[in-house]
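You will see subunit A twice below: alongside subunit B first, and alongside subunit C after that.
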Partner chain A sequence: MFFLTIKKEIVHNILSFRFIVTYALLFCLVLLAIFLMTDEYGKRLEEYNRAVGKERQWLEKVENMEDPNEQFQEVQRASFVGSRRPKNLSILARGLEGNLPTQVNAGSWGRFIQTSEDRLSKNMLFDIFQTPDFVYVINIVMSLLALLFVFDSVCGEKEQGTLKLLLSNSVPRDIVLIGKWIGGYLSVIAPFSVAALGGFTYIYISGNFVGSNDGIFRFFLIYLISLLYISAFFTLGLMISTLTHRTSTALLVALLVWICWILVVPNLSPVLARLIAPVPSRQVIDGEKQAIDKETQLLIEGINKRKVYGDEAEMERIQSAADKRKNKLEEFYQDRMRSQMSLSQNLARVSPSASFLFATTRLAGTGPVLYRFFQQAQEKFSEAAQQFQRSMYTQDLVEWSPQGPKVKDPDWFKADNLPHFEMFEERIGDSFNEALFDILLLVIYNVLFFMLSYTFFLRYDAT
Partner chain B sequence: MLEILDLSKHYGDVKAVQDLNLTIEGGEIFCMLGANGAGKTTTLMVSLGFTEPTAGTVKICGVDVTRDPLEAKKHVAYVSENVMLYGNFTARQNLDFFTKLGGRKGVSDDEYNQVLQRVGLQTDAFDRRVKGFSKGMRQKLGIAIAIMKDAEVILLDEPTSGLDPKSAAEFLQLLAELRQEGKAIWMTTHDIFRAKAIADRVGIMVGGNLMRIFSQAELEQEDLEQIYVEYVSRPVEEAA
Partner chain C sequence: MLSHIIRKELLDQLLSLRFAIACVVCLVVLLLSSIVLTRDYREAMSTYNMNKVMHRNDVTQRTGVQDLWQGVTVDRPLNVMNVLVRGISAELTESVRVQNGNRMDFLEVYEQNPVVPLFPEVDFVFISGIIMSLLALAFSYDAISGERESGVLKVVMSYSVPRDTLLLGKWIGGYLALIAPFVMSFIAGLVVMALFPEVEIGTDNFLSIFALLLLALLYLAAIYSLGVFVSCRTEIASTSITVLLLVWVVFILAIPNMAPYFTGQLIPAPSRTSIDRGKLEVQQETMRLRQKMMRDEQERSGKEDVWNDEDFQEKLRIFHEEREAEAQKIEDSFMAKIRAQTRWSTYIARISPLTSFNLAALDLAAAGINQEVHFVDALQEYSSTWGSYSDEKSKAWQDFMKERRSSGSRMMFTSADMEQFNNMDYSDYPRFTFTYMPFKDRLQSVYKDVLLLGVWNVLFFMLAYLSFLRYDVR
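Coming up: the complex of A and B.
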């Protein structure tokens, strides 16, 4: 009887018009998203490879210079550029991939400039109408389709009159509900899985997973999380169906919940977090730092004027105190910012959509963690650049004469000593552990909705 | 086979059914007459276990519907006023699904064909999607489902309303055949003439009360139409 109800649901869905529409829509959207994002990733990778090639060419040129003094002058003139390799799984979940600079430039003596690709040279409308990625299609389209597939599953049968006939037989209600869930869910995920498999094949053939099983595992995990997310919306739709008695009411409720969870909650949570945990603006913090600098400068100027023994130590103390105050200010800013971000993340988790996005972008390596790793890499790169530049001007390496610098050691230049921009690559196990909280939330949403559906359906008035 | 004992169903202050006592034996057709809101359908819904009674019990083949609804439903088939089936399924697919749901396994295609022919469905409609069926065709398919379930008790809720005279006559002929097979049939209807023509006993229900039951002999002797009109014209309190 159990398999009979599942079979009936599947056949009933397959024979319906909406199944054909869903199938066609999903197949087109998922594949299109993957084609477009693969193309976009390919362009980013090309840009990255070009930048790396340029750097390699420059290194070769410097290495091939016979005169160490000329070599020194060439390195002295250079500004170190680090390139960020694009994430291959941004094909599935773009996340912050498009928002972070693709290159960082450590200027001379620690001056640090961030550069990004030349945005003005490309069509700005691409930023307004961004290419939908795989995760976007699931988050927006698939959640809606799952709801539309099931919103009338119970109330529609009541309205149509088949529920009375169905329940006039000796079939337990829980079997009917579970049969509806399994049959309906399989009908929804079948077209999605076919489309996802098509997308995976395309990514694999286009060589974006070559040499790494890591990417394949991550794809598979993202696919499983997507199934969990689709199931959450499907079960929610089933719950709405067991709560209402008319399809029109069910449709209205389903759309309302979808709008709230997909559009309102995730977009409103940063605003709410800003109100609950305000952070002073960057300008205010920078203004404060400038005020400290000004104050320090005045104090130092005052000390300089009086010219008393021991003033140097006093000036150092003042400078160090000012640096401490500035660091404290920066730490305060970063702490508040972290709290605000964490609060907005937690508020957004009221919606399964946010949990899904956090989990998938974590696995794709393009979520908020990309920004953190980028910042860390940027700091390291900056420090390494400063250290390298300082090491160039030590008296052990170079002697200064009116003709220019004279390098003492002809083999001073070693490419390995140059600063490298390297971003931390999180292992798949660690990414999964970090995403586990959001995955568990999705599981909880599933269980909660199903339990409520079950409770409502046991009391459902079939007449 | 169908035993209703002191059955009452109240919705707040509204007494939909009040102290109803009735027994229908196998090989009998019982027609319940009554205006809209008389409590006929409510009694059916309680008998099917969809609604719990306020008081009293309904037993089908000795099984209390409220205590053991799943066991009771094994012995009952239901045909509604407007049989609605899965529109995307063909007549055969619908019949197959509900037959299996009723607990019968290993039914051959021939058996399905025979029952569909028996209820008078045209052969070319067997494998057509039900969403294009007329009401008459759906009613026939509904009775085919009830036949295939082979239940001892058949509950029919105004099954002939909206049917053309030919289809209604064919439908009643089928009921007569099922009576011959020993089924206990309860049919609610507004149609006095058809009730008189087919029923072994006829009851009149007004305001949730079963006012009177006519035996076959009484039906032949008395003017059922006049008595029915008198009952339904009186205020409920007076009629009770």
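Coming up: the complex of A and C.
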């Protein structure tokens, strides 16, 4: 009976109009999203390779210089610029990939300047609309389609009278519900899986997974999380169907829940977090730091004017007190920022949509953690560049003459010693561990909705 | 008869569950959005005021003539319309360092809450464009097919009522029921905003808010007409909602979001970085060629100080102009591609009524693409004002340097020399003023999109009418 119920549900869905339309729509949307994002990633990768190529060319040029003095001058003049490699999984989940600069100047120390040309020389429609990547299609479109497939699975059958007939047989209600769930869910994920397979084939053929299996595994994990997410919405739709007795009511309730969970809750959460846990702007913190510097400068100037013995220690004390105050200010800022971030994430997690987004972007390496890795890499790069430039003068490398620097050791230059911008690459196991909390939340949503549907269906009036 | 049909339709909708749902959704979302965005605006206002004072003090406390070369940091005044429409700027406040020669540096710090860019802002544009459009479909999907299924349509048509009157009556009644909770919640949102003393709405902005509401109503009318049209083409309400949701996914979610990427494929443009690299190569080549020219000239004339030769100076000037024109050509061709890309992606995206609504709403709120260009223009103008001011202030210094140079003395300065140049007063420096586009200009920039929305309305209604004329009511 169980298999018969599943078969009946699958056949019913497959023969329906919505199945054909959903199949066509999903196939087009998923493939188009992957096709457009692959192309966009290709352009960014090409840009990155060009920048790295230029860097390599410069290194070769410096290495091949015969005169070590000229070599020294060339390195002295150089401003170190690092390039950020785009993440290949940004094809599936763009996340914050487009919000960070692709080039990092070692001297910028976290400050990036955009000129008026940079600002206007882009297609501004990108700023107005969202990125239509694979995760977006699943998050928004697939959740809606899952509800559309299931909203009438119980109440619709009641309206038609087939539920009464079905339950008049010796079939337990739990079997009917599970059969309906499995049959319906399989008919939803079938078109999705075919589309995902098509997308995977395209990415694979275009050579974006070449070199390691890491990308393939991550793709597979994102696919599994997508199945879990679709299942959560499918089960929610089933629950709504067991709660209502008319299809029109079920549809409206499902739409209301979808609007709240997909469009309102996750999108409002960062703004709400900003209000509940406000963080002063970076400019305010910098202003405070400048005020401390000015105050310290005035105090030191005052001491300098007095010119009394022992004032050097006093000056040092003032300077270190100022540094301490500035560090405290920075710590305060970072603490507040962290708490705001975690609050906005937790508020957004009230919706499965946010959990899905956090889990998939974590696996793709383009989630909120990308900011942290970027900042760490950039700080490391700036420090390394500073250290390298300092070492050029402090290691007794050159003799200064009116004709310019004279390098003592002709083999002083080693390309490996130059600063490199390298971002931390999280291992797949670590990414999965970090995403586990959100995956668990999705599982809880699934179980909760199914349990509720089961409870409601047990008491459902089929007549 | 028309008024009877309108009344019946209105009563039907008012007593339905969807009306209750629409009331709850509109009220909660619009009120919440108003409160959140207005409080955000208040926070931004205090940051803006603080920044303004800080940046003013930064200039007025300078005393050295060389401090002029640092330029001046100015702040973009807050746009009160941001309490409704967040627009394309990432932040409400923005500081820009302006220097001589149209050089503007927009400072960007990547230290914000990284969760924020992951989600779109829930503002008036988002609520009307996405949420309300979905509700419009929920109100209209069964307007005809639903009544056919329940048999009511057959009964109504048995009376002597023309089909056009029936369709018009249904349209008006249903549409009024849809917009009633929306308009009421919008007014409630405005009342909430008015409670905040920081929100000062002038005449221009008041008119813009009114125009925004009308625009949203026009957009919703187009989507509602689409719903009625599909309802006239189908016989079962469930088929109607399936088709409508799929059309909604394609027209509201897919087309506008995919259009810029799709255009990127059709009209590829290089990145800004590669263009800058190309221009840098031209500059480096210019320097190399210039040195070569100097050496050749020195060899030819047998003199060291060839740069004093007027003919050679003229030759150098022409050479520099040619090279600059070459660099400019790279920039111009790039900008032409970007403009073409933007233009075509706007055309493609306008297949969806959402694009017309979004672009028009952003321009009406002075928070869109036109405003961005207007702001950069104002900064460029200010850059030349600042340039004239710093030229005037540093005139004495320039004269002093010229005199030193012409007398052939060494470029070493004593503190006595520098005294007059280290006690400058910059309290009279020109202040940056920026006003958002007046209402008239905003209207002018949106008329195309408004017209397009009007066309969508007429088209969908005409199609619905044609379909209903041949509709089998049995």
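Just so it is clear, the second predicted complex is superposed on the first by the 446 of 463 C-alpha atoms of A that agree within 3 Å, B and C clash if a C-alpha of one lies under 4 Å from a C-alpha of the other, contacts with A are read in each partner's own complex, and residues count from 1 in each chain.
Keep in mind that, in the parts below, contacts are C-beta pairs under 8 Å (C-beta built on N, C-alpha and C of every residue); 3 or more make two chains touch, one makes a residue touch a chain.
If you're wondering where the values come from, they're calculated on a predicted model, not measured in any experiment.
A.B. asks: Which partner does A:Asn267 reach: the first (subunit B), the second (subunit C), both, or neither?
C.D. replies: second
A.B. asks: May I ask you to decide whether A:Ile128 touches subunit B, subunit C, both, or neither, giving the answer as first, second, both or neither?
C.D. replies: Only subunit C is touched by A:Ile128; subunit B is not.
A.B. asks: Looking at the overlay, what does A:Leu4 touch: subunit B (first), subunit C (second), both, or neither?
C.D. replies: In the superposition, A:Leu4 touches subunit B alone.
A.B. asks: Quick one: is A:Leu255 in contact with subunit B, with subunit C, with both, or with neither? Answer first, second, both or neither.
C.D. replies: Only subunit C; A:Leu255 stays clear of subunit B.
A.B. asks: Among the partners subunit B and subunit C, which is in contact with a greater number of residues of subunit A?
C.D. replies: Counting contacted residues of subunit A, the larger count belongs to C.
A.B. asks: List the residues on subunit B that touch subunit A in their complex, please.
C.D. replies: Listed in rising order, the residues are 45, 48, 50-51, 70-71, 73-74, 76-78, 80, 82-89, 93, 97-98, 100-103, 142, 145, 149.
A.B. asks: Using the touch rule from the top, collect the residues of subunit A that touch subunit B in their complex.
C.D. replies: 1, 4-5, 8, 11-12, 15-16, 160-162, 164-172, 461-463
A.B. asks: Which residues of subunit C touch subunit A in the complex?
C.D. replies: Touching subunit A: residues 17-18, 21, 24-25, 28-29, 32-33, 36-37, 39-40, 43, 47, 50-51, 54, 88, 93, 95, 102-111, 113-122, 126, 130-131, 134-135, 138, 142, 146, 237-239, 241-243, 245-246, 249-250, 253-254, 256-265, 268, 271-275, 277, 331, 334-335, 338, 341-342, 345-346, 349, 358-359, 362, 368-369, 372-373, 376, 379-380 of subunit C.
A.B. asks: List the residues on subunit A that touch subunit C in their complex, please.
C.D. replies: 17-18, 21-22, 25, 29, 32-33, 36-37, 39-40, 43, 47, 50-51, 54, 95-96, 99-103, 110-132, 136, 140-141, 144-145, 148, 152, 156, 247-249, 251-253, 255-256, 259-260, 263-264, 266-275, 278-284, 287, 290, 337, 340-341, 344-345, 348, 354, 357, 361, 367-368, 370-372, 374-375
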